[in-house]
Each structure stands twice: as C-alpha cells, then as structure tokens.
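Please find the structures below.
Each of the next two complexes has subunit A plus one more chain, namely subunit B in the first and subunit C in the second.
After this line comes the complex of A and B, so read on.
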C-alpha cells in the first residue's frame, strides 16, 4: 500500500486535510495510507513512505528534505496553496497520486 | 614542448643537482637561450605559482612541488583560505604565505609588513596552522611568539631570550638558559616588531637565516643547529632604511593591506564576524540598526582591524548594559552606543551611497547577528572565547542594584567602567585626527578647542555636529584668532537678525566665546559671536542625534476643546509636554485647519516624523496630504481615544520610531475597526478608477478592466474625479467604510497608505490588468478559504477568522520588514486559523524543540510578532504561548524573501 505523509509546522492544519484525503480515497476506491506529522517529528518518519507533501508554510523544508529523501527514492512536493487553503482533499490526493505515478 | 615548460624542467634538473635555488643565468646556459627570455618565463611560472623567488642578487628560483600545490589549493578548507578577504585583498599575501610554507625543503623565512592592527600576528598563526594542515610540520610542532618591543630598552635581554645564554656570559647569567629559537625547534618562531632588535641581534638572526645555526650568548665554541622557520613582523615603512636590511636578508616579504585599502564588502564581513564573536560571548543575537552599521563601514579607523574590533566591542558592551539595566528586551546597537569618532562615519555616506546601497540591498533597518548563523568563517578554536568582560558587567550591575543605587547612577558607573576598559584605544584616537590634513593648516590647540566647543554645544542644544562643521569651524576660528591677535576688527552685518532668529544658539555661542577667550587670551567681539551662532545653527546634513529627536504627536479633533483637553490629560499622565493639540471648532473650514496643521507639523518635525491622531472626517486625510506637500513623514491614526494617545506619547518619549508607534496604535484600534469591516463583509469589493474629470479616462479604464475580468459580479468598478485631491481622499474613505477597495487605478500618481495604486499606463500596457486579476483572484481565494473553513472550525467563525488573521499576517510582514510569497501566506493563515480554533477550545500548546535557544536567537522578532498578535488574543480571548509563538516566527523567518 502506498504511503503519503503530510507535514506542517505543528500538525494542526494537515490533520484535517488527511481526513478529507482519506474520504476522497475511499470514494475513489483506492487504498492508500495517509498520515500527518509535525515538522519536529518529520525526521522519524522518512523511511517507509512513498511521497512527502509539505504545507505551504513549511516550504522552507523543501530544499533540505530533498537532499535526504532523494537517495531513498522518496518524492517531495509542496501542496498547492489553493487546494490547501480550501482543504480540498480530493485535489491534494490527486497531486500525491500523480507524483507516485510519475516515479 | 612549450618553452615555458622547458624552463621549468631545466630548473628542476638543476635544483636536483645543486640542491639550492637556481638563477636565470644558469638556466639560460643550460638551455642555450637568452637570459632575458628565461627571466620572462620564470616570471610567468612565478605568477602561476609553480616557482618561488628568493630575493637577492641574483634572484634565485625554486620549483614548487606540484602535488603539494594540488593538495593545498584544491581543498579550500585550509586555515589560510578561511580568512576574511582570502579572495579579495589578501589574495596575494595568501599565495605568498602558501609558497613560503610549502617551499622545499624547509620553507622560506618570512617577513610580514603592515600597519598596526592589520592582523600580522593572526596571519602568522594561520601560517602555522596551514603548515600543520599540509603536514609540513608535525601536529605537535611548537609555535613560539615573541614581541621584540617587550624588552626594547634592554637589547641584551632580548638576545638572551631569543638565542639563550651560556652561564657566565654576563653578570647575572648564572646558569645556562635555553633560547626561544631552541624551543621552537621543528616549528615556527614568530618575532613581532622585529625592528626593535639591536643591530647585533639582527646580525645573529641573519646568520641563522643564512646558515641554519646560531650561538647562544657567551658561547664561543659550539654552534646549535635547529629546524625553525622564522616569521618576523614589523610596522615599519617598507621603504625605510632600517627595513632594507631585513627585506634583503629575509627571502619572503608579505605585505598585509591596511583596512582603508580593503573593499567595503570585505570590511562588512569583518564587522559581521566581530559582532558575531561578541554574540557568541553573550550567547544571544545582537541587533544592529542600519545607520550604526553604515558608521562602522565608513569611519576612519587608523589602527585598522584591531581598532575596528575594539570599537565594536565597546558598542556591544554598551548595548549589553542597556539590555541588562533598563531591561530592554533585546540587545540593540544604535548610534548612541558608538564612540564619537565612529558616529562620524555616517557623515561620509554621500560619497559612498552606491556601495552602501549594494551592501544593504534586501536587508531591513535592523540587522540580526547570531554566532550560529555563521557558515563560512567559523570562529577558530584558537581564539579563546571568554565571557569574562560581560560577566563582570553583569555582576557589577547586580551589586549596584542590590546596593539600592539609582538606575541613572548605575549607568554612569558602568559606562565609566567600560570606557576605562577601552581607554587604550580611545587614547589612541586623537592621533587619527591629528594625522588628518587639516592639522597641517590649523593648529592642534584650535582643533582641540573646536572639539570641546562642539561637544559642549551639542550637549546644550541637543544636536549632533558633523565633520563638515567641525572642519569649517576649525578653519574659521583659525582665521578669526589670527585676525584678532593682529588687532583687526570683525564685522557681522547680520548680527541683529541672527540674534532674533537663533536665540538659543546665540546664548550658547556667548558661552563658547568665553571658552575661546580663556584659551587664546583674546576678547571675542559680539560680531564674532554672531558668526559662531551661525555655525551652531547650521546643520548641513540635517542629521541630528537620532536618540534625542523624537516622533511628534499631534492630536486634532472636532470641537472647541476636545483635542486640547485630551492632550492635557495625556501630558499630565505621561509627564512633560510632548503631545500637542489643535482644536477644530465646527464652523472652521477644513482648508483653514489644514493650513494650521501643516504649519504646526513643520515646526514640530525633528526629522523623525509626526503621528497625527484625529477623530474623524476630513482630518483623516490631512496626514497624507501634508506628506505630499512637505515631505515630512506623517502617519494618521483615526478614531483615537485617550488611552491610544497616552500609548503613542509614551512610546514617542521613549524614542521609538514612527512605524513602531503607528503599528501599536493601529492594533489598539483594531478591535473597533475589525467589527466595522466585518459587518460589511457581504458587500461587493470595489476598484476605483480615477482621472481629472471622472468621466473621460476613468470611464474608459472602467470598461477596459470590466472587459478583462471574467467574474464581474463580485466586483464593482467606480469611476471618480480627482480634481480636488482632498475631496477625492474623502470619497475613498467613504467607500472604504462599506467596501473593501481592492485597488485604485489612476491617470495621475497618488499614494494611499494601504490600498494598492496602479497607474493607467500600467493597465494599458497589460501588466496592470495582470495585477488586478491577481488581486481579484487572491480575494476570491480567501473568500473561498473562509467558506471552507466555516465547516471545519469548531469554536469560531471560519470566515471571520480568515479576515482577521490575514490582517495580522500583513502587519507582521510590515513590522518585521519582510515578505513571504502568496502561497506561503495561505499556509500561515491556515496555521493561525487552526491554532486559534484550537486555543479557543482550550487545546494544549505544541512543544517547540530548543525553545530557549530560539528565544535567544530571535528575541526581537518574537517580541514584534507577539505585539502584532495582541489584538487577536484579546478579540478571541486566548493566549498564544511561547512555543506557538516560536512556530509562527519560524514560519516567517525561514520563508522570507529578500526584498
């Protein structure tokens, strides 16, 4: 099963987004594991995921994380701010699946 | 094979055979070519760092082993390359130093030349580090330093220190003593101020340099061989007779450039590293305002980096005292913390404007320095970092406080302590001024008096006098005294006018005249006092002491005495008469009031701007208009109440700047404003188009924009005439009460505080339309975010919170003078919205790792953000804790874009 991890600074806003993404996944009939962590917990979770999505407010992590994740074959991207702002679970799930599909 | 390589090979061959340096002539004989040609190739090789020169007659050349060069030039991590300026002013010295160390088989003895404070000792030490790094000497090889000036009055003693003594060599030499040269075996001996060595000592040193052995004093038979590289240093002028011997006998001469010969960017780096070093001692960020940095960049610093360093230390120490004693919230170096001679640096800004602008591009008004931010120039371990000095200050402060001594008194005592700590350098300073060209024209006595006069006048008139006045007055006084002493008269035709126009300066000038009379035994006539007055009253650059000039507070209100009675209360409560009032009776025309207000503001302005506090109506626009007309920076706060005026007045007296005061006042006002805004949230957003008539261009602009906007429904476009600026601003205010104005598009230039203005030209070219579309899009996005949050927020209204938080995020950006991109902003706004929802539901604070350290690093930013968040806290009745605050701060600081 594919694993999608969301990261934001304290883990508040993404947890809602996770719920909405899960609902979207169930509707689509896809089985994926989606979870959210805070910036501080990030380093404990970089081994067993397929894609990491950053909240726009922690965009500064992108460059740093790319370096550690790339060798492991994990993709990383910033969540589209419009979708993030509207908590559009479906669209963010789409974004994640796209990235996994393109690997 | 290329000729140049042939020469190189020949050199290597000859070296192998002869085991010494090779001259051009020898090579030319082997290759059977012209000697001049060979010399040319050798010089090419020298420039490429493939051979080294041994100065002398004839000049000898040695090959530098290429693998060594490879090893050390490849890695940029060696000690020498870490010096500030390694790629700039120290480029050549470093190449030379490298060559001297790597030179086979045992390196070259080196002479370092340079003025006091250019870093000769440090450079020698780094050469030693480099020698270790390139495995030329052992890891445990000694580095011995000796300053020949220490025993300058006793040449015998110096020699015995360096070369050692045999028992019985002279009276008192009662046992054999090993010299430093022996102690430095297998390592490096650094002889500072080597020109202080006696001729006899010099000869002994040269013998060692030439032959590799020496005799201790009193030793006649055996010689001692040691393997020591000598690095000698001196401040002597390279052209001096004394030095000729040295440069002739010591093979490598390295000249270190003076501070004034270094580029501005390099000097900035030096300043940065000095401040960071202090930051490391204190363990906190040090903030420095821009003007102070400019002063540090530009002031005359005759004793070079050494002086720069101690001047910076002095400033840091003063700022540290302020932070500790007055419980200022963070360590900030401002102009008042700089020594007088450093402050003068700012006066030179006119001639260096471009370079300064380049250096400060993208940096705010207050810059932060923190030792851990350091990446390239790590503070090397060999510099002992001691907190000593700061600890002493802290302890002293505490002791004085416990003893119940008043704050002001404590300040004096501590400042005295600091000054004496730095006296060594302060005493050096008159030298710098004496050196100035002016001392050739004007007597030193006069210069001293002028300095005294200006200090005195500066204190009395609370004004800062710049270099131009200093020199101008010195020249003037010189001529005047000469004239008086030779019995000539002085006549001033404008005397009476001066007396009336500048009564304060005139009084001070009278007292100054007394000083001059005493010093030069003359009698200064009244006419001359008139001239002195003019000097005191002039201020060519208009720079006044920043700390003393304050932001003006002017309260203007409708009603016969509303403003004056409010101001009376405020001044009574705050103390002093800082706030001023203007009453506007209802029958007074706005135009009349406007002229009166303008006049007052002109009189009140001390260069730091004015806060105008008004109740309502046309008064709210006065500020912008006066700014346009006079150039004085005026910010307006409307709907003021007594507490807001008290707050503003108190802050102004404390010397806070215009923006700081403005922001806090705005926030105090926010709760009212926010409600007003919210009620109309369903009204349409509007865009205003404006031209002189309100019918021609503005109508056309309206049509153009309407055509391009696909969602016309959400926006109304209103054309207005701008014939009368005042009226126009009034109308805008009226619209603002009911709508959100997204932009003003106008055929003429207008400047509105918080509304984006777009010129008609931009719209016609197309960029303007793009801007408008973006604004509209952003607006829609936030509207939708609000709608979507409405479903998810448990305790608060999603739409309302987005609006409130958006305003706060903008104000944080403004206060910190940073910007984050739109996408990041969305993220931050969401984060804050969820945070407030959580806190309203009594949610727990999220832990922030290493909070204490973060607080030390970003003390100022955290305080500013906390201030900005205050209105949110009171509106939602929550408290945003330190951990959460740190998260917010981090989001801004790490995502910020360079402006």
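After this line comes the complex of A and C, so read on.
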C-alpha cells in the first residue's frame, strides 16, 4: 500500500486535511495510507513512506528535506496553498498520486 | 504595494526560510517541545496550589505534593533543557543523540557554581538550575554537542575489534569526543575563575540573559515580536514556528520566575510570559483570525468565497488553528487584509500589556496547551482568574472591530468585480 505523509509545524492543521484526503480516497476506491506528523517527528518517519507533502507554511523545509529524502527514493512536494487552505482533500490526494505515478 | 510584496517575496522569504530551517534554532525549538510535558506538570502544580488546594481547607495540608512536582520540573528547567537541546541537535546531525544529551548535562553542571551563600562547598542551589540558567544551558549544550559531534565525525574515537558487540563499541566510540567536550568546559570554567570572573554561568547570565530579558519585557519589543510573527505568516511562512526558539528562550524564564514567585507567596515580577501571547494575542491563531471569521459572518454579504472559508475555518479556529483561513481566504499576500493582520497583534499586545502592567489583570504564570480556546486560555493562564478571561474577550472584540471595515471593503471590491464577470 502506498504511504503518504503530510508535515506541518505541529501536525495539527495537516491532520485535518488527512481526514479529508482519506474520505476522498475511500470515495475513489483507492487504498492508501495517509498520515500527518509534526516537523519535530519528521525524522522518525522517513524510511517507510512513498511521498512526503509539506504544508505551505513550512515550505522552507523543502531544500533540506530533499537532500535527505531523495537518496532514499522518496519524493517531496509542497501542498498547493489554496487547496491547503480550502482543505481540498481530493485535489491534494490527486497531487500525491500524481507524484507517486510519475516515479 | 504589489512591488513591495514582490520585493519581500524575493528577499525576505528566503532569509526567513533559512532562519526557519537553521539547525541550531530547530534544535532549541525541538528541545523546548521535548520538555513541554514537564513544564505543563510544573504549571499544573503551581495552579493547583493557588486554586483548588487553597479553596478547599481539607487539601491545605497536601500542598507539599504540588511543591514536590514543582521541584522536579520548574525548579530544574535548565538541567532539562540542556539535555533536550543537546539531544535534538545531535539527532539533527544524525549522530549519537543520547550521548550528546548526557554530555550536555555534564558540561552544564561543570560550569555551574559549586557553592552557594553560606552553605559551603558541594551544594547546587536550585536557583542555578531553574530558568535563570536557561541561556547558559542552551549555549553550553550547543557548544558541547558541536564539539562532540565534530570529533565523532572526524573519527577521533576508540575503535573496537569487529567481534566486540556493536553496543559496546558504540559506548567506546563516544569516549574521547565526550571527554574532550566536557574538559573544554572544565578548563574554560577554571580560566574564567582565575581571571577574576565568578563563573561562566554568571557571565552568560549577566552579559546575555539579563539584558535580553529586560529588553524583552518592554512594551515596544513585545509589540514588535507579535507583529513580526504575523509578518512571517503574511508571506505564508509559519511565523510562530520560526520565532518559537526566541520566544521560548526569552519568555519561558519570565513565566518560570512568575510561577516560582507565586508558589512562594510573592509578587509575580514579569508582565509578559510565554503564555501571554496565546492567551491574549493569538485569539484563534496568529493574528486573532477567529475575530476575522466573526467579522466575515457579520459583514461579508457578497463574497461567497469568504463565507465558505470562514465556515470551514471556524471549528479549527476555536482551537487556535488558522491555516485554513490564512491559506484559504487567503490572507497570504492579500493587500486588503495586510493592514489589519499586522495591526491587530500590535493593538492587542498594547491592551493586554497595559491591563497587566497597571494591575487591572493579574500576570500570567500558568502554561496551557496552545490549542486552548479564546477566553479559557486567559482564565487559566492567570491561575484561574476571571479577569484574565475577560481581557481575552475584550481583545477579541477589539480585533473584530479592526477587521470589520476591511472585510466590508473587500466585500465592496468584490461587487465591482462581479459585474464584470
């Protein structure tokens, strides 16, 4: 099963989005594992995920994370800020699946 | 305005981003996150002694229980942070975090004065281990860990033969780097003493921590910090997160000083503490965005998009989470909302500061989770004083009033647009 990890400062606002993404995934009949972590926990989770999505408010982590994640073959991207704000689970799930599909 | 935003996006955002990802600041921030359970426990201990244990006579003989908890949390906060910062910094380097944390604690105690007052030699006074020593603990932990990690990476280690169990080998690997890191501070403390200084501890306290804390209690600097957080947010960066190491380092000792003073039945010395911001300024998240949500419900007639986002963001906003509003409306790079979004925290800070400094509202000294809703936060932060809750509500009303005209303006501009569409 594909694993999608969302990251924001405390893992709070992204966990909202996770709920919406899970609903979207069930509607589409896709089985994916989606979860949110805080920035501090991030390092403990970088081994068993397929794609990491950053909340736009912590987009400054992108460069640093790319360096650690790319050698492991994990893609990383920043969530589109309007989709993020509107908590558009469907669109963000789409973004994540696109990234996985392009690998 | 557009040109200003472009300029900032190009020059300010990358710098802010660098600060936000800076290794040592991240270690300090995560260090504070790590000791948060203990800070909450200490806070609750002080709160209970001031409220329930005071109100119910049957409990009055049991206040020592809370005193004990305070002793193991607030009274040794610097010791805790020394470990936590060293640990997190080494973890950031992918190095031996446990060893680095322990070395940091050792190094911190190496520079701590070995006697106090008339007690003679061999006593560590708690006044050296509480938040008074926070800067010393952070600085010593960072330097000690840097020395430790660098030597470890340079392979200045004792290598064990292959058939020695790995965990034994790991313990030996840390021996030389740890030894050198501790000795550096031993020698430094010795030299400072020989040169006539009291100790490295006092040096950092008097030259760095005290002046900075004095400065941080001024009303203008408090306003500056709270507005700066929103300035970061305006460009879509997590301002509270970026500023967190600084805010904790400056305002957590102030909180500890207040709590310890009240625990001992004295007057709380500081106007602004770490929780001051969550209780009175970040009402519904940075920029008091819950007030903006209410203003939209009151005044926004034509902007369907605003109302949709406001509805979406309201439940999270009650618990101080405001990313949906910030990115959904959006507030980010929104020229109309820029002005109130920056002004609101400044005005709210000024009101809360004046109310606290004049004694209208008691000072804050209890840490509550930052997700505590508006009003309840102010009530708890002041040790269960209704005036703290009222101040938060007054601030909330003021924020609504400031946002209202701008929401109406956005509404009017939208009606102009819709005729074109």
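Points worth noting:
We take it that the second predicted complex is superposed on the first by the 103 of 103 C-alpha atoms of A that agree within 3 Å, B and C clash if a C-alpha of one lies under 4 Å from a C-alpha of the other, contacts with A are read in each partner's own complex, and residues count from 1 in each chain.
We take it that contacts are C-beta pairs under 8 Å (C-beta built on N, C-alpha and C of every residue); 3 or more make two chains touch, one makes a residue touch a chain.
In this text the structure is predicted, and so the values were computed from the model without any measurement.
In the superposition on chain A, A:86 makes contact with both subunit B and subunit C.
By the touch criterion defined above, A:55 lies against subunit B and subunit C together after alignment on the C-alpha atoms of chain A. Using the contact criterion defined above for the overlaid structures, shared-chain residue A:11 touches subunit B, although it does not reach subunit C. In the superposed model, A:43 makes contact with subunit C only, not with subunit B. According to the touch criterion, the shared surface of subunit A, contacted by subunit B in one complex and subunit C in the other, consists of residues 8-9, 12-13, 16, 40, 55-60, 81-82, 84-87.
Interface residues of subunit B, counted against subunit A in their complex, comprise 781-782, 784-785, 788-789, 792, 822-831, 833-835, 838, 846-849, 884, 887, 890-891, 894-895. On subunit C, the positions that touch subunit A within their shared complex are 16-18, 20-21, 29-30, 33, 91-92, 233, 236-238, 240-241, 308-309, 312, 316, 321, 323-330, 332, 371. On the subunit A side of its complex with subunit B, the touching residues are 8-13, 16, 38, 40, 55-60, 78, 81-82, 84-88.
Only residues 8-9, 12-13, 16, 39-40, 43, 55-61, 63-64, 81-82, 84-87 of subunit A touch subunit C when the two sit together in their complex.
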